[in-house]
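Next come two complexes built around chain A: one with chain B, the other with chain C.
So, the complex of A and B:
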């Protein structure tokens, strides 16, 4: 069975819990005391991931780090519909990879701001927030133009991909880093659509979609 | 924002960090009531606290006159910017040797300390915010309970609270009706007692100690003092962190951030019985920091 080395409040770990929930895959978790215990810097964990970062998975003897890399692996291996990671469509695969890299930028800005405010990490908070706003502006425009063309998701497909999963957590948690989303209406509507995907699951700090219509 | 001028708050003991996370000799910087403080454990493991200054780099270099009052209690370093009382409020259960005593975490939260206390006292949010853990629909009713302001102990006591909980603690193996007692023995600290799933004669103790950074930001220190022989520390901490992570967005979205003490300021649904008692108690003490006092 897949083992996820997990910290509940980590948005990067949540990306994998989300995908596995969408795919209906069973897995077990090994809790890592990321905070306050800093167990991701402990000797045993550094053997799994010398970068000292969550998440890590183990599957059939394969040890893999980096949320985006793990999304690729899990979707390629366990999604029979081949929609979350569209292996048969090179152009779409390129787009997915482009937005996976973008998601890592969201981690280094929006997630950094949240770590600063909530867990007292010594980061440049103004730079983190400004960086997140810059990325949110780009994504909001991208999603808005997509909506004009009848596209609901980040990539040019009629269904969500792992790019949507990779971008979602640190956007939905951005307020914990003092980054409001009121100026990004297309992002807000997209968040609501993500929450309505069958199999969606929450993490601590994320709430399910409200009843009724798509948010304005 | 001006620094704290509230004499009641200045004279209290305030928590500033967990002993378990202090590295011997290592200096930690923090903010209390808008003042930058440093603290460290000295060679004897005793806490030393001082107002941060660039020329003082360690606990042994602090001139005696510059030290702030310091104590180590319930696993945390406490200090005061005024003249604190001789004793901190009692938690007798902390001395019981078979309890697991842990700092679940210290989290920064964009909320006033009184708003955070009030949320801690409110059972009504359990099914909606802590769904499938501390509550679940249709068990949403907050049944009648008792609240008193104990004059001799100068604290608020809410008793006979009951709630159906699907997963009351890491030691639970299913849903149960859980009894609660809440104490507010300090304007910014609260202690709750809930039925233990492993010993029906005893209760788990969970406390939240709020360090006011300024009027609208706290560091929330969460003490666990629970009965659980099976789970690892990190599993017990994770449970409490999950709960707190669910409260966090709710706390951070409270408007206004400071707690209005005027009984007419907010609807009685939000300000239920224990909240009304808490607000009245803060008013009686003349507290102005972190609140919107009743207009004179």
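So, the complex of A and C:
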């Protein structure tokens, strides 16, 4: 069975919980006391991931770090529909990778602001917030034009991909870092859509959406 | 300028921002809004804070009929913004003072308009008067509205038909405090564009542009991108400029107290029964054999909030007053739908409604009152309706259906043609269980089956003719249903009222002692002494005139209280019940 080294409040760990919930994969978790225990910098954990970062998974002897990398692995291995990580569609695959990198940018800005405000990390908070707003503006515009073309998701597919999962957590948690999403109406609507994917699960600070309207 | 701006209409969203089952987060002049479109299309613009703990309603859930706060699940109704349910008080109907502040909403030019204290109508924009329009992507700008307007005067764009070209001539046709009208011409191609600037806060704005021509497909997209690109560039410039100036202080919105109309009790009349509302009969139809449906619409404004189980008093042209349950589903707040059965021995109430009242007539009705509230914390809810007793239970079943809570509606009627409100019944799907044409004995047998498996946490609601209600209550009690899980509402009190006793009533809080002689009710005596007593049916069925007993033994003659409540002797219906003891002390 897959083992997830997990911290409840981590958006990066949440990405994997989300995907495994969407795919209906069974897994067990090993809680890592990220705060205040700093267990991710402990000797035993550094043997799993010398970078001292969450999340890490262990599956059939394979040890993998980095949320985006693990999303790729899990979707490629466990999604028989091949929609979350569309291996048969090179153009779409390129798009997915592009937005996975964008998600890294969200982590380094929006997540950093949240660590500063919530867990007292010594970051340049103004730079983190400004950086997040810059990315959110780009994503909001992208999603708005997507809606105008009948596209609901980040990539050009009729279904969500791991790019949506990778971007979602630190966007939906951005208020915890003092980054309001009021100026990003298209992002707010996309968040509702992500929450309505079958199998969606919440974490602390993420609220569920009600059911969508069924066409009469 | 911003002070004066409060009385103007401003766009606060684009129509396409308000998707079904979504809550848009808006703001105007420092005041935040939760904006949501109900499934019936109505646009709600509310103060963005739950009246309970102040949490933003923009993170709440729009279920198509109501908005549910994310924090403690308080539910607020479409249109009225009144609270309909508080999960922590499952047995109570919320007070009507729990009504959120609403702001007007008008959809025009592809935009949604609102205002804090509007004067006049949404402005007519000459350039946008005719044809199909194209609303551009709203561009939020971190700069004051006046700076944005100033920049917009120098905005240049290509007309729709020459979007790929260069060098169109753009002129300013009109400019106001919060809008600039531009005209672009390139050869034969021309487009009018009006750019409204929404003052979000002292240092934040949104540019909402509207073009006077619609376009399709790729051309439409090219136009939207053209403006998005140019307006984004304009935004960057004005933001740079604004960043170099000291930021103005953000506007502090003033949170108003609940309106006087809601906070104060309705005016007292010697009569006691109030008919504060005027409605017109928008539709009258035969909804089942012997049952007329009435759709009552407000003459002006909107109707007050109701909850499932609530009823209204209808004051009829012949002077009679009758109570009718509201059958509406949650959030269905544009009219009240009632069902009136023609009673064979009608004393003038149902006869008048059936024969005299017509479409277009104006009726006086009371505010909705709810003495039959619906719990939503039940693991399974059973409704047992007999004939016209369907009306309150229909409203309840629709509410549970909307929240996807487990329920069954057992509807006993003489035949298919006696089932009222077919469209509403259809909405309930499999939860509706009709039982048709049964004799009293067969009804009893059916009820025994329905009520067989009581489990802790289940609730039963019964409404129907007296004998059937009695039977259902008895069967429920026999099968182990506790009094607290059985809720019922009688149409009328068929008990023979014995008013031969005379006794003394002391009103503890009013410091008054009154003598109630034979032939008069407690209520009459109190009213004669100038004490206001709310009432509705005045026959011991509806529960409106309930009073708390501090001392003495009540002589219950009503049908509202259940056996446990009667035994406890702490409540009394002052319209029919009396005292067995010589003295009764009430908490009035």
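Note that in this section the second predicted complex is superposed on the first by the 209 of 216 C-alpha atoms of A that agree within 3 Å, B and C clash if a C-alpha of one lies under 4 Å from a C-alpha of the other, contacts with A are read in each partner's own complex, and residues count from 1 in each chain.
Basically, a contact is a pair of C-beta atoms (placed from the backbone, for glycine too) under 8 Å apart; a residue touches a chain by one contact, two chains touch by 3 or more.
What you are looking at is a predicted structure, and each value in this text was computed from that prediction instead of being measured.
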{"item": "Touched partner set for A:210, first chain B, second chain C, both or neither", "value": "second"}
{"item": "Touched partner set for A:31, first chain B, second chain C, both or neither", "value": "first"}
{"item": "Touching partner for A:188 - first (chain B), second (chain C), both, neither", "value": "second"}
{"item": "First, second, both or neither for A:149, with chain B first and chain C second", "value": "second"}
{"item": "Overlapping contact positions on chain A, where the chain C interface meets the chain B interface", "value": "207"}
{"item": "Residues of chain C touching chain A in the complex", "value": "13, 16-17, 19-22, 24-27, 32, 39, 59, 61-64, 68, 70, 137-138, 140, 206, 220-221, 224-225, 228, 232, 404"}
{"item": "Chain B to chain A touching residues, read off their complex", "value": "18, 20-21, 103, 105-110, 219, 232-235, 237-238, 241-246, 248-249, 252"}
{"item": "Chain A residues touching chain B - in the complex, by the definition given at the top", "value": "7-9, 31-33, 35-37, 39, 117-120, 175-176, 178, 203-205, 207"}
{"item": "Complex contacts: residues of chain A adjacent to chain C", "value": "141, 144-145, 147-149, 181-183, 185, 188-189, 192, 207-213"}
